[in-house]
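Please read the structure below before turning to the comments.
Order as written gives the chain letters A, B, C and D; numbering starts at 1 within each chain.
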Amino acid sequence: MSSILLLAVPLLPLLLAVFIGLRPGQARLNRLVPWAALPGLLLAALAPTGLEATFDSLLMGTHLAVDPTGRAFLALTAGLWLAAGLFALGERRDDVRRERFYVFWLLALAGNLGLVLAQDAASFYLFFSLMSLSAYGLVVHSGKPEAWRAGRVYLILAVLGEVLLLAGLLLAVHAAGQSSLAAVAAARPEGWALALLVVGLGIKAGMLPLHSWLPLAHPAAPVPASAVLSGAMIKAGLLGWMRLLPLDATGHAVLGETLVLLGLAAAFLGVLVGVLQVRPKTILAYSSISQMGLMTVGIGLALLLPEARGWLLAAVTLYAVHHGLAKGALFLTAGMQNQWPGTRLARAAFVLFTLLPALALAGLPFTSGALAKNTLKGPLAPDALPGWLAHTELLLTLAAAGTTVLLLRFLWCWQAGLRAPANGLDRHRWWAWGSLALTGLLLPFGVLVVGPGGLPVEPRDLYGLALLWPIALGLVLAGIAYRLIRDRETPRVPEGDLAVLAEAAWSAARRTHRSLALRPPRPHRMPARLRLLRLKLRQRLEDAERVLTRWETIGLLFSAAMLGLYLTLLVG
Amino acid sequence: MDGGWLLLAILFSSLGPGIAIFFLPEHRQGLRTALNLGGAGTKLALVGVLLAGVLRGDEYRFSLPLMPGIDLVLAADALSLLFASLSAVLWFVTTVYAIGYLEGSPRRSRFFGFFSLCVSATVGIALSGNLITFLIFYEILTLATWPLVVHRGTPAALRAGRLYLAYTLTSGLVLFTAIVWLTLLAGAEGFTPGGYLDGLAETHATTLQILFVLLMIGFGVKAALVPLHSWLPIAMVAPAPVSALLHAVAVVKAGAFGIIRVVNDVYGTELAIELGLTAGLLVVAAITIVYGSIQALRTDDLKQRLAFSTISQVSYIILGVALAGPLGIIGGLVHLVHQGITKITLFFCAGNFAETLGIHRISELDGVGRRMPLTMLAFTLGALGMIGLPPLAGFVTKWHLGLGALEAGMPWVLGVLVLSSLLNAAYFLPPVIRGWLGERREPWHEPLQAHAGPTRFETHWMLLFPVVFTAALGLLVGLFAGLGLSPLGWVSLIVRRDYSLPEFGL
Amino acid sequence: MTPANAEWLPAAIAGLVALSLVVAVLATAWPRQAHRVGLLGALAITAWVLGLSALFLNAGPDPEAAATRVALGGWEAPLGLMLHLDGLSMTLLVLTAVVGLATSLYSLGYVHDRIERRQFWPLWLWLWAGLNMLFLSGDAFNLYITLEVVSLSAVALVAFTGTAAAVSGAVRYLLVNILGSLSFLMGVVLLFGEHGVLDLLLLETRTEAGPTERMAAVLMTAGLMLKAALFPLHVWLAPAHGSAPAPVSAVLSGLVVTGSFYLILRLWMGVFAPLATPAFGILVGMLGVAALVWGSLQALRAGRLKSIVAYSTVAQFGYLLVAFPLMLVDPGAWRVVVFFAVVHALAKASVFLAAGTLQHAAGHDRLADLGDVLRARPRTVFALGLAGVSLMGLPFTGGFIAKYLLLEAGLGTVLAGSVIGVLWVLAIAGGGLLAAAYILRMVAPAFHRGHEDAGEAVSPWMDWVPLGLATVAALAGLAGTLTLNTLALTPGAP
Amino acid sequence: MNGLAETLAHTLAPGLLYPTAGAILFALGLYGLIRRHHLVLRILALNIMGSGVFMVLLGVAARGEGPPDPVAQALTLTGIVVAVSATAFALALVVHLTRLTGHAVMLPGPPDDDAPVEDISRGEHHADGGPAASDEDRPS
């Protein structure tokens, strides 16, 4: 029974994808698309603790289970996909290629849900790559040149990530002697295995410096796709880290420090580059890089402070859920630009739905952001960490200020495009957007009410003046910046920053080195010189045979043969 | 000897119809099709019987004295059944495909005659019980394939045929010499798991090394090891079913199978390691893998790309064998099956595109997924399988090869796998992406309809069914790799027996 | 030897000679019915030979017991003429019968003009009778006589079409043949002068490595080399074949040349065995390698189908020469050589018959213009290809087994420490590639895309006999053990 | 001088004289066969060679004590019969060739590619000559 339940979660979307693929144009089937995520959500909500199943005949033995971390991620993933799916129903209504979109959507959904449940290396990798590759279809869906370019960068990095992940998994599995994720982590991957796992998963998590696909893919992809991409899919990398890195009582100082460093760098660079962008979705993408940086810091801290790892990992999970909901809602916000309603009540709701996730992300008291941020900082006693790491808390707080600036920039750029809908409000979109925003609002209370369930949260984490001053700082900074650049051309960093450099390097290399330009190998042909030689040889042979045919030659050879035979008989 | 008749029957189930077809007048289409399918079906059934028998533990052996002291030996062990079942299944599918593909074209009697001969030779190779028997069928295969390669009769086809013969016959001679030499030294022993040359290791170490190199040259040409591979990409001018046969079922596989036999059942892995032979083979295989992939990247012609991909992929098999540990060998052997299923799918698809829509180049594939979704789906499954993505067959291979490399203490091989996977993705994803996501503006040019009229499906059903079948098979053998009867299960059985390891693996 | 065999074998041997002669005489005397006589005769001779071989094999396995000598007229050697049957001659008799029967059947279709029929059949039957006697003769002078019978009837057959080219080729063939015969005779005379006997077995017991024997050996070997078209004395072969009718070419390349080679082999295994030196072996082997290369190159050059096949004979006989040095190291290798010659004869005859069919259909045999006919006649091309595969020495044919055994012998010499053996191995292995190249030249046009034209209609005999014979050549591989065992029934030979 | 005379006498004894003369005839015949282009001359040369062989045979027969070996004489007779028939056959061929080409010389050998092709099975007879002989084979 449990096996059916667990298998149904990734299988239902797959089945639906097959049906839609086989019978495109069936409106009834299309309406089912959002609900394909529902089993996941139900499982997350209702599954008994320790639900698991093993399938020996699938791949090299497949193990699926719902563990506490998985449950949180499953809930986030399924919920976000459900909401975004609803949004997509409305948003894609006039798209002639919507079936294609839905198929890729469902495939990616199946992968995303599956990887949360997967407990062994092979199936984790299976769902991970299913998700990554299917998402490509979402990124390039519009078919515009910009989308193709974004898709290319996305695909290159995704494939790179997958291959590195596989190599890392193989190394780790070999070291562990078995392929269950728990065993792999317990065997503490070292050296190459560790590096490959961190980088392979890091690409998905938008880790510096392999983050470039995010700011390219997000603006190019349709809005709901961006929402799940930023809200759910990039969390897969994070989940992978949590499952595979040596997050045990020993910890791993070097990796921890590296991750904290990388995370902080991402947090600040994401803000810095993000504020120099103009397109709302690009800004949100950089915000995601920045936020993922914070979560990376969390993982790093868990490695540095093994005794607090339970707390920190719970905090990272909470942060991931919070960020997923908020960022998902914000991306949907970006897709609501043409839904500016006419009535006052509706306008109020519009503003509310817009601000709720934004404020949550900024960490306003009583939002999920406040709870998440405070929980994350919880174990950071002033002298818990050596050296520069002691300033981590301060840096985190500063990053929060940056988040505020970035969100202001987003809202600023976004509101410029607000307009009324051409033909009425889109119910699907409103429902999806609204419910997501409200879920985000309810999240902290839910966590507190339903019971921490092992989460180290307390009601007082929800408020506190300490949460306000980064916001205030952000507001001040934003004001200064606004004054500075109000009348000038905004300095720009091209979207995708490093990817642009890589592209330039690649085309330069191609120009200088022609073999890089894809030319078909030349078919083999006999060179003309050889052919001439062959003709000549032919003529020579004929002449020689003519000479042999002369009677003089025959006689000579006959005599010579006799002589030769006689001599050889004598020699012996 | 009782069981021997079954082996002969398997051999003759394609040989007999083949000869009959050869002498059939061109217009007897119905009879020809019946003979073809009857032969293929019979063979499939007989191989099934054999499979059941071997699982039961029965002995099957047929021998016929050829020369004093030297016999023609057919025997069925687990390894030969692996190859025999693969070729029986894929032959059936290819036959259906070829009937559809060649509908209405001239000289079908000749084609199917040699086609059947080709498969008989392949099954003969699979069932060979010693090196000489292997050689006999191996050379028959060479000869039977040539008419298929040149079947189109164009100058390019004939050039390809010439090159093919030049390569394979030369290598055949090298092989021939090596086998005669080996037989002089060690006698005409049958294949023995673990090898039968132990007694010579002390006295003839250098000779054995030279012989190994000669044998590898002999088999390496068909297995398209760099630098002996040049014939393969050129031979892709042959009709699609032939390419499928060349790349997936018969020729290339025969070479790889020969290498497996030599390493496992003639030298034995222990001796091969001791003499330092596997290390060399490993390096060659690694170079081939990377080289093939790079070349594949450089061409826009779909079939040529597939051909270069074969060069790369077949070396996975050899890589696995050269790793010479249980997991590596599992990876190699299982890829024998997986590569076959996957590559045949891809060639079928390429044939379908060419036949139905006249598409030969990757740059023409834009939007083909809308016109031929099933074929494109099959192509996608094949391509992703080649890249090694789960849950497709190729992933199972890559997984075991990777673990095998680590088990053998050669992590650099993992690097080769990584590089190859990246390159695989680089040359296999673009056609997939174009097919599904590209946009085609002008209407399709449909040569198939010109002579076959409108079809109910996206193309002729005889072209479509094989594609769908093999693609599904490629998915299933990967997805259900854990089943005992899957290729992986079967291969594990073989290796467990050879290594007499009670428990291993992951 | 069972009593029945003891009684029957000598009678059967004498009967075979008598039968062949009677058939030939009948055909000559009764030219109108020559083809009927010929067909019946061919069947009868074949049946007789097969029966004889059954008796012979039954008499084994002791070579001394099986080998039989028949004194004609009851006059024993040294005075009388001896017929001599052993494993070697038995094998060649069977070969002759098989090729002879196929040729006869083929000729039924090929020679259909009434006047030509009258001329063809008697000549052909005389040739066959001559060959039978050649293989059965145990007497040096008698061998000369039978050689002449074979040569003269062969020359007449070559000249048969009566065109200038044919007659000219025939004259060349004749002159070369007489030169060879005279040379052979000179050797016989020298031997006779030295030892006063002509019977080969008696000679064998008396010869030692003396100067006269050496001189005789040189004269006889050179003469026979000329007749066997061994390189570099091969030049008469291609012109003779070029214009001879197809069945004649088949017999010429398959049997006549093999007959001369048989004599060389027989002499060097028996009478001259004490004379052989390693240097001699190397010289002959070198000639063999040269023949392989030269013949193949010429076959690759030649523009006519039958010339290609003729040069292929030159090349293939190179193998037989290469075998000489092998025999010096491994005396048992001679059986391999004979087996190779047998397989070659079968394959070569079928290639010539197939070529004849194509030539008949097209009206010419210029390879460049033969494509249409080749494409339209897959059956004949298949025969050509199948026999060609046997010539290349590829499985599953008799050629493969022969090649295998040759290579085994060659590698055996290398392993025994002979450096030059590497050359023999290379030649044996590489020769197959050259063969593949020129056979491909003949077959490939059938696969070109192009016009089809079956040309002139051919009789079913011409359609099927080449294929049948090619199949026999291919399946000869299965008879490898049988042939080698038969050959083992040769007394005195290793 | 005595020695020379003795040697001469010894040499002139039929036992050695005949074989020596035979060998010389054989060699001369071979030379003639090679150097002469006219076919009748060539056939004559062959006959001279044959005579050489028979002389050797006769000399051999006369060797030793007692009467000559009758076997050798019988062989010689047989040999002459064979030689006569072969010569007759050869001459007949030459006559035929001369009728066809107008010359009693051979056509050049192997440049076979453009030689005319006859196929008796098609029943077409062309009795009117092939190409003329090349310079190389013309009688000098």
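The rule we apply is simple: a contact is a pair of C-beta atoms (placed from the backbone, for glycine too) under 8 Å apart; a residue touches a chain by one contact, two chains touch by 3 or more.
Only a predicted model underlies this, so the values are computations on that prediction, with no experimental measurement involved.
With centres taken as mean CA coordinates, the chain nearest to the overall protein centre is B. Highest C-beta contact pair count among chain pairs: C-D.
A straight line joining the Cα centres of subunit A and subunit D is 98 Å long. Averaged Cα coordinates give subunit B a centre that lies 65 Å from the centre of subunit D. A separation of 43 Å divides the Cα centre of subunit B from that of subunit C. Between subunit A and subunit C the centroid-to-centroid distance comes to 78 Å (mean Cα coordinates, whole Å).
Across the assembly, subunit D contributes residues 30, 33, 109-110 that each touch 2 or more other chains.
Multi-chain contact residues of subunit B, defined as those touching 2 or more other chains: none present. Of all residues in subunit C, those touching 2 or more other chains are 179, 235, 239, 298, listed in ascending order.
Chains that are in contact with each other form these pairs: A-B, A-C, A-D, B-C, C-D. On subunit C, the positions that touch subunit D within their shared complex are 79, 109-113, 116, 141, 144-145, 148, 152, 155-156, 159-172, 174-175, 178-179, 181-182, 185-186, 189-190, 192-193, 196, 198, 235-236, 238-239, 242-243, 245-246, 298, 302-304, 307, 356, 359-360, 363-366, 456, 462. By the touch criterion stated above, subunit D contacts subunit A in their complex at residues 30-31, 33-35, 37, 108-111, 136. Contact residues on subunit D toward subunit C in their complex (touch as defined above): 19, 26, 30, 33, 39, 42-43, 46, 49-50, 52-53, 56-57, 59-60, 63, 69, 71-72, 75, 78-79, 82, 85-86, 89-90, 93-94, 96-97, 100-101, 106-107, 109-110, 112-113, 115-123, 125-127, 129-131.
For subunit A in complex with subunit B, the touching residues are 21, 55-62, 100, 122-123, 125-126, 129-130, 133, 136-137, 140-141, 143, 151, 155, 159-160, 162-164, 166-167, 170-171, 173-174, 177-179, 192, 518-521, 523-524.
On the subunit B side of its complex with subunit C, the touching residues are 22-23, 64-68, 70, 109-110, 132, 135-137, 139-140, 142-143, 147, 150-154, 157-158, 161-162, 165, 169-170, 172-174, 176-177, 180-181, 183-185.
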